[in-house]
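To keep things simple, chains are lettered A, B, C and D as they appear, and every chain counts its residues starting from 1.
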Amino acid sequence: MDDLYRDYILEHYKRPKNFGELDPHDLEALEHNPLCGDELGVHIRVRDGRIEDLRFHGHGCAISQAAASIASEELKGMSLKDVAELDADWMIDLLGIPVSATRRKCALLNLKVVRGAVTGDRAWPA
Amino acid sequence: MDDLYRDYILEHYKRPKNFGELDPHDLEALEHNPLCGDELGVHIRVRDGRIEDLRFHGHGCAISQAAASIASEELKGMSLKDVAELDADWMIDLLGIPVSATRRKCALLNLKVVRGAVTGDRAWPA
Amino acid sequence: MPPVAERTLEVRADFPIFARRFDGRELIYLDSGATSQKPQVVIDALADHLQSHNANVHRGVYALAQEADAAYEEARQKVAAFVGAAAETTIFTKNVTEAINLIAYSWGRANVGAGDAVLITQMEHHANIVPWQVLCRERGATLRYLEVDERGELSLEALDAELARGDVRIVAFAHVSNVLGTINPVAEMTRRIRAAGAISLVDGAQAVPQMGVDLGSLGADFYAWTGHKALGPTGVGVLHGRRELLEQMEPFLTGGDMIASVDFQSASWNELPYKFEAGTPPIAEAVGLGVAVEYLSGLGMENVRAHERALTAYMLERLVEVPGLRVVGPPEAEHRGALASFTLEGIHPHDVAELADRGGVCIRAGHHCAQPLMRCLGVGATARASVGVYNEASDIDALVSALNAGREVFGL
Amino acid sequence: MPPVAERTLEVRADFPIFARRFDGRELIYLDSGATSQKPQVVIDALADHLQSHNANVHRGVYALAQEADAAYEEARQKVAAFVGAAAETTIFTKNVTEAINLIAYSWGRANVGAGDAVLITQMEHHANIVPWQVLCRERGATLRYLEVDERGELSLEALDAELARGDVRIVAFAHVSNVLGTINPVAEMTRRIRAAGAISLVDGAQAVPQMGVDLGSLGADFYAWTGHKALGPTGVGVLHGRRELLEQMEPFLTGGDMIASVDFQSASWNELPYKFEAGTPPIAEAVGLGVAVEYLSGLGMENVRAHERALTAYMLERLVEVPGLRVVGPPEAEHRGALASFTLEGIHPHDVAELADRGGVCIRAGHHCAQPLMRCLGVGATARASVGVYNEASDIDALVSALNAGREVFGL
């Protein structure tokens, strides 16, 4: 079996969850992966300090799309305060595959976008 | 005996001929050796299309001072047309010592200045 | 057409990296468009210079400094001769990016003003786009793009039409596109540009490594390229320019070596090419590049081109066998440089490259520093395989196998 | 004082150039101020990178590209750690000259305007003079010089007085003078500069190779140095900057790698440090420099300094024995870097260097890219002997003998 392209990764890539637009929304952000030009945006609806719902849009590789899809399920219902504290390990663990240094940005792009929408911080998750 | 610092070179260095100012003069020029910052200027008096008299001023190493001193004797009486055609070999031969690539500019600075005064050309003699 | 193998240069043994094994496998390097591998003679020359001839250049009286000086200037002469340029108008930079920035700053700021236009093309590398954006914004000038047609080529008529508008001061374009592979008709373009009273800058980053370049017949006012793609070391690039232009221009980087004299409030400039080489230059790197172009000359640039063209033709042929694969750029190998950029349906280019790597094949994926072109092509990214003198037909076969295997991983 | 030999590092064997013979004689290299010799480990690292790990950085998915990436970024980390800086604010340039130009263009053009002043010192290298002349002329600002006193030092009171005028936006000065050897009180100067609301740029070209530099305690806003003087290869320099400043600044060179995204008419910038590294960087050179600073750390910078200070003290002692010789700069070795510039009555510095070379001794002569300082000193040029980790007391003895022999040639 492939280390990286596991079945569930490819499944999320081909049929990503929570992709599309969300209108109206309370928060949004859009970021690029400078390495490949991929673009990922997010729309977030907030209720009582929590992410009530969210949608990603844009295009990317299997890793970045699967990461966004997998994360989207976890992010729903999370408090904004907790979202602000999410770090790279959270995402990498959640993804469950070995991510090389070069592909790390692919895996972390969605978290960068979400954290950017919530906190305004545009740094890469560390 | 020293190859470079022959007696006549040192003699010209210590007691250079035709150094000083010449007023009035018809032509003049001033140049730097970019390698060491040395400065050499010339004043030239012209009569009937020939160098009637000339004086160098400035400071420099034994090679550049001796070259100017030795050349000054040859230049006196030369037609401006002939001066314009003088090349690097003329000067190096006149100097009579082996000049390394680095010291070449030292040896040629006076010719550059004189040619510059006569023709306006500021290139290094080739 | 004779089989590819017949026309193959046999030089792989000259390149030490191919002795390496990756998880027991040989290196299959199809990314020379990003950077070339280096023959041992180049690495040895670089190392030998640092080991036995190292001193700073231009000012030392002692024997070692004279050796360093001579080595550096000899490298300049070799590099200039390689493309038919004069040594005095051949400037060493750190890469082609610096060379283009030099022109945009020094020539551009003095010659491009409000109401003027800079013309580039849709197939440019960011290095030949962003400096012009910056210049145009600063000077109130307009940046226009020559279109790339569906074959991936420029139109001379479109160039004429742009020039006829009368506001174009400079046209900057690639000799060979790093994405499409397109070989642009430089001589015809520069003739038109000159006739229109504009200046030409040609980005030869991809061209110099793979074909004979003769600046005399190309007629460009400025021509720039980069050492690391031409079998040379990193850290050195080259700018050639027309003497009158270089002489009129203000310097770009300022500091030591590029001056004739410095006073407290002002300075005067050294002669060409030093006026444009501020500070200690990449001495050992230039020496290495001198040996690289000597090595290429030894192979013969017509042989290099023939070898790479044959491989490219073979690559184009084989790639279409992969279902869902679409190559961008001119369809015929005669009209393109030694590369093929492509998309593969159902697999993002990043994953294509990752899957190729599993087959031991090194290819690049992304926007290739040509985002505007990606937009024109209607894609976010492509995968790109590019060949060099050391490649063989079996490398292409390995790529095709890896792509097919990759499609299986993705369930296609 | 213990004899010099006791405090001598024994590293000459690490430097391959000393195995060479010139007309049968050993190399006596007293020109490290111009460029240092390179230990074999540095040359090997550079060659090994090109031989076995060469690929372009930042975009490759394949294993080889990841190695190249990792090697380049590891070099950045080593270089940053060596001077107590953060990797993200450590930018690789081609030399210190480019680094200073970067600040003069990017920070200077946005922050220095008409009525403002740039303050430098009379002891600066052309690399830290001419970019400011260009900036001030372009912006209608004033360039002022802090005076050097008869000891060859700056006065903090004079600095205070300049800052009190209220128009100084940036103060750019050398950590260690390449002519006088003066070690400037950087921390005290930057404290005053910051208190006055101005920015500091320190030219560490001569300092980093010879003493422990800790940017945390020096407090400079920008600190720049150059690889080839610090046992590293040519073709690589370093700029460290305060993050907020670097973040606010527009980029300098533009092109590939330094962008986040490029559209037809505009672009956005990549994060630090990449925003300031346009195009393919000096990858193998950075790797070499990483090993150079590792080598220096292995020796211990306090030992390097102790070794070179002892040799400098010995040199000052011995040089005064030569009749007519006058050393410029601070008289005590504690207050100066590892060099001595001098004039010799009756012999032009150029001839002094030539005569030294006959004794097999490499020293430099000229204005040392510091013509304004030469004017202050009232000389056209000086000779300069500078020492490195590989020098020994016998090198100084050879210099003194050569100078004495030279005086005889000149009949003095």
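Definition applied: contacts are C-beta pairs under 8 Å (C-beta built on N, C-alpha and C of every residue); 3 or more make two chains touch, one makes a residue touch a chain.
Because the structure is a prediction, the values reported are computed rather than measured.
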{"item": "Between the pairs A-C and A-D, the one where more C-beta pairs touch", "value": "A-C"}
{"item": "Centre-of-Cα separation between chain B and chain A, whole angstrom", "value": "75"}
{"item": "Separation of mean Cα positions, chain D and chain B [Å, integer]", "value": "36"}
{"item": "Cα-centroid distance, chain A relative to chain D, in whole angstrom", "value": "45"}
{"item": "Numbers and ranges of chain C residues touching at least 2 other chains", "value": "59-61, 65, 259, 261, 350, 354, 365-366, 371"}
{"item": "For chain B, residues that touch 2 or more chains besides their own", "value": "35-37, 103"}
{"item": "Chain pairs that touch, as defined at the top of this document", "value": "A-C, A-D, B-C, B-D, C-D"}
{"item": "Complex interface listing, chain D residues touching chain C", "value": "16-17, 20, 22, 27, 29, 31, 34-35, 37-38, 40, 42-44, 46-47, 50-52, 54-56, 59-65, 94-98, 100-101, 125-131, 133-134, 137, 143, 145, 226, 228, 233-237, 253-259, 261-267, 278-285, 350, 353-354, 356-357, 361-366, 369, 371-372, 375"}
{"item": "Chain A - residues contacting chain D, complex", "value": "32, 34-37, 100-103, 123-124"}
{"item": "Touching residues on chain A, where the partner in the complex is chain C", "value": "2, 4-5, 10, 35-39, 59-63, 65, 103, 106"}
{"item": "Complex contacts: residues of chain D adjacent to chain B", "value": "347-351, 354-355, 365-367, 371, 374, 380-381, 409-411"}
{"item": "List of chain D residues in touch with chain A within their complex", "value": "58-61, 65-66, 69-70, 259-261, 270-271, 274"}
